[in-house]
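Two complexes come next, and they have one chain in common, chain A, joined by chain B in the first and chain C in the second.
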Partner chain A sequence: MEKVNLKICVGTMCYVMGGAELRDVVESLPQNIIEHLNVSYSPCLGCGKGEETPPFIEINGKRVAGVSKNSLIRIIKEELRDVV
Partner chain B sequence: MRNNGNFIEVDFFQKNKAGNIVCGDCFMSQKLKGEGRVISVLSDGLGSGIKACVLSTMTATMAMNFTAMNESIFRTSTSIMNTLPKDMVRKISYSTFCICDIDCFGNVKIIEYETPSYYLYRDGFFVDIPKKKIPVEREDLENTFLWISEFTLEKEDRIIFFSDGVTQSGMGSPKMPFGWEDGVKDYVAGLVEHYNDISAKELAHKIVNQAEKNDGYSLKDDTSCCVIYMRKPRNLLVCTGPPYDEKNDKYLASRVREFQGKKILCGGTTATILSRELGASMEVDMNIVDKELPPISKMDGIDLVTEGILTLGKVERILTAGDIDRRREAGPAEMVVRMLLNSDKITLLVGTRINTAHQDPNLPVELEIRRNVVKKIKFLLETKYLKDVEIMYI
Partner chain C sequence: MLYDNFAMLTKRELLIRIVKLLKEKDLVNGVKYIPVEMRPRNKKPIKCCVHKDRYILKHKIISILGFEITDEEIDLIPLAEFAQKALDNKNTKENILSVVHEACSACMQSQYFVTNMCRGCEGRPCLMNCPKAAISFKGGKASITQEDCVSCGLCSKVCPYHAIVYTPVPCEEVCPVKAITKGEDGTEHIDKDKCIYCGKCMQTCPYGAIMERSKVIDVYKSISDPNKKIIAIPAPAIYGQFNATPGQILSAIKAIGFDEVVEVALGAEDTSRNEAAEFLERMHEGKPFMTTSCCPAYVGWVDKHAPMVKPFVSDTRSPMVYAARRVKEQYPDAEVVFIGPCLAKRYEAEMYVPEVDYVMSFEELGAFMVAYDINVETCEEMPLNPEVTKFSRGYAQAGGVRNAIVEAVGNGYTTLSLEGLDKKNQTLLKMMPKKPEAQFVEVMACDGGCVNGPCSLAPLTLAKRQIKKALEK
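Right, the complex of A and B next:
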């Protein structure tokens, strides 16, 4: 199966609103999950102009707003439900 | 300070006598923007410790202010000698000084009093400038003279002056029983031959560190060295913030592309705009980490890409503290500061679009207004680090 593309925004707003913690979450994931992920970072995904709140991530091209530590794990599990 | 298109880099470095918490030497440098002058003063107070520090600071401050007001050297020196407090033991008031005054045409006037002679390094040789000898009349000391030399600074010239901590380092050791003395010349010549474009900052550091080594890593006297280097300016462009009008994105990109020198981008949105306009791909580099700041990115044709306002805020804090040489961290802000300090002419290209997302009062106070931070950085770079700084708003 193809890897899941996860892109985390590390722009100013996303970073201060909790994006900094998302990186720690990703790095502490167990090996069997990490091997199915393709993690990258972006200096700015160019969001945050509308009503949605940062931090933003992109998972397989879908944009998700207001991601927290817990919801990130949930989102990743959701994407990988067939594998893990 | 610029001079016929050249830049005069002034930098100095000092280390205290082993065990002392303050330095008995004092260095000051000031750039008089209106007149295009650069005045640098180094003074060494009698003895070491707090007393020497007070003496040398008073001397340097007075020498600096009198010189800036174009006061004659006789009045300057007389005033200094009459003002300095007398030493209880030695019954003299004493501190040495060296004043270097460079005007907008590159004419240099150096006035030395009881300091080791300065060096002028030009085209691989040390040039001896004839000095005018002027006796100083004072009651407590006889046979002291002011030495005045005047010449015109040429491109790639280096003027090096230091306190006697440098020339007397290593004194008594089998290798150099009378101290380093003229060995300094060989050391400087060797260094410059090897690294043609060694900056004033680096050269000053190297000389002081070598003096410390001569003394077996325990300096016997306060040791200071100042280097003045006339060079082609090293240009740096710092681009931060998106343009007020989106139509100017292309203009911003052309400014960045055509700039001759090193380039830094500060800001995610700015970087995204330039990545699009320049057609350069961008990748976040997670190898350089600072817990307080978002990571840097890599982009072709750009020397450094960092996050914006948080990084600039930290840059401002580091510049204010002035402790970059002691910092061990190598995060994004430190990288920016090092690049700033290794440049002579800095252009700050500031986009003025307000980031609406930053206007939420619940956000941390560090999210300052970009323009204010940039202005503070400009002020610090000009006054504290004697850089040429220009801000352009788009």
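Right, the complex of A and C next:
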């Protein structure tokens, strides 16, 4: 199976608006999950101009706004539901 | 930060939008759009309608612009006028904390309350155990006569169905000195004579109804004025606020437009030295104990609520004072901005420290970084001052001051570190003149010390880990 592409915004806007721990969440995922992910960090995903609120992530090209540390885990689980 | 919540994010978004407008030199014209943009018609309102939501935002904006919001007359003045006024003159000294009355939901008086989970059982332990006969049964369900209830909580404890709940007023609940109480209209009022500016109420209110008066406008004006020299002095807790090294964080602060960045930890060197000398002197004089004086909320508590402890508080000044003095000695014309996680520092600086021109919170610093497009993680390393030891940077956490003093005076004394001004610690401290628990007592009003301050940016777990990393180096 192809790996899931996960991009986490670590820009200051997302950091200040509640995304400070997103990187931690990803880094503390168990091995059986992390091996299915292709994680990258970006200083800005180019969002935050429209009505959506930060913090942002991108999972398999889909942008998700207003991510919290708990919803991030949910989102990853949902994406990997067939595998893990 | 006790927990993540959206009220906290609203405040941060407001700060970011205001600093962005400042940077674009469009504050006077643009400020009026903020409430509409943040609470558009097509989104579900938080309170009764978008108009009230926008009205609340207006009040919060006025507070961020640096004005007090308790006066009803502010309703007559448009936001643009406030913005112009803020840009035109330096802010006057007014209340540091105020309640946004429209946002205060006038929570129900805290009480024990029987929910509809009550099954009206035969056992009725609530009825049997109530010491004040405040429980009666109506229609097969328990009910509490509030006039008789003394809030002992026994009924709630004994109910096998957990049907009796305690409904608190969050701000009153966390205030360690009962400075915030309900007025006649049901909304909260802060008693200035009692308040120690610990910031607990502000941190806790689920409506974000308690706002600190900000200095972002003044700081921006100085930063953008090429004729002014402006120097940032960030508190040691700064090292926990970003996913970056201390050197990167300092250079990120500089990138905003400060001419210099001097660590408050440098001032902590002076504090440790003076405090250690003072401690030895007092011990020599036969004094039973001495407490620290660097936490302004604790000092405020002693001044306003525990005069018996006053003679035992050290006369050494806080690291902020010494750091600011060092800066002013070197650059007498410079303006000094203290950047910290602390609300009480605003009070300390305005009342007692003429060397500090403005106090800015970590949240406000974060807003500046967003508005000025600074990514801390990619900033260059700024060389750190070699004079500053890890003990001084350790002031960020509870136990840090104690460690520094022990390092200076040796292990021959008993020490104690108290975190938080809860009831237990307050009683302990008030008893100490008669029954000292230790010879050197460090007191921090926040659990965990400064790193858990009410105006911090990073969650506590992250902040603690980052500080640990920074101290290891």
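The rule we apply is simple: the second predicted complex is superposed on the first by the 84 of 84 C-alpha atoms of A that agree within 3 Å, B and C clash if a C-alpha of one lies under 4 Å from a C-alpha of the other, contacts with A are read in each partner's own complex, and residues count from 1 in each chain.
In this section, a contact is a pair of C-beta atoms (placed from the backbone, for glycine too) under 8 Å apart; a residue touches a chain by one contact, two chains touch by 3 or more.
Please read these numbers as outputs of a predicted model, since none were measured by experiment.
Mind checking the superposed model to see whether chain B and chain C fit together on chain A or clash?
In the arrangement built by aligning on chain A, the partners chain C and chain B clash.
Applying the document's definition of touch, where does A:20 land relative to chain B and chain C: first, second, both, or neither?
Once the two structures are laid over each other on A, A:20 reaches both partners.
For A:42 in the superposed arrangement: first (chain B), second (chain C), both or neither?
first
Contact-wise, after the overlay, does A:11 reach chain B, chain C, both or neither (first, second, both, neither)?
both
Touch check for A:64: first (chain B), second (chain C), both, or neither?
Once the two structures are laid over each other on A, A:64 reaches no partner at all.
Of the candidate stretches 134-142, 332-340 or 386-394, which in chain B collides with chain C after aligning the structures?
So the stretch of chain B colliding with chain C after superposition is 332-340.
Using the superposition on A, tell me which residues of chain A are in contact with chain B and, in the other complex, with chain C.
10-13, 15-16, 20, 23, 43-44
In their shared complex, at which residues does chain A touch chain C?
It is residues 10-13, 15-18, 20-21, 23-24, 43-44, 51, 53, 68 of chain A that touch chain C.
Mind pulling up the chain C residues that touch chain A in the complex?
Its residues touching chain A are 4, 9, 12-13, 16, 40, 242-243, 363, 366-367, 369-370, 373-378, 457-459, 461-462.
Please output the residues of chain B touching chain A within their complex, sorted ascending.
Touching chain A: residues 267-269, 271-272, 282-284, 286, 293-295, 297, 305, 307-310, 355-358, 363-364, 366-367 of chain B.
Quick one: in the complex, what on chain A touches chain B?
Touching chain B from chain A are residues 10-13, 15-16, 19-20, 23, 40-44, 46, 48-49, 54.
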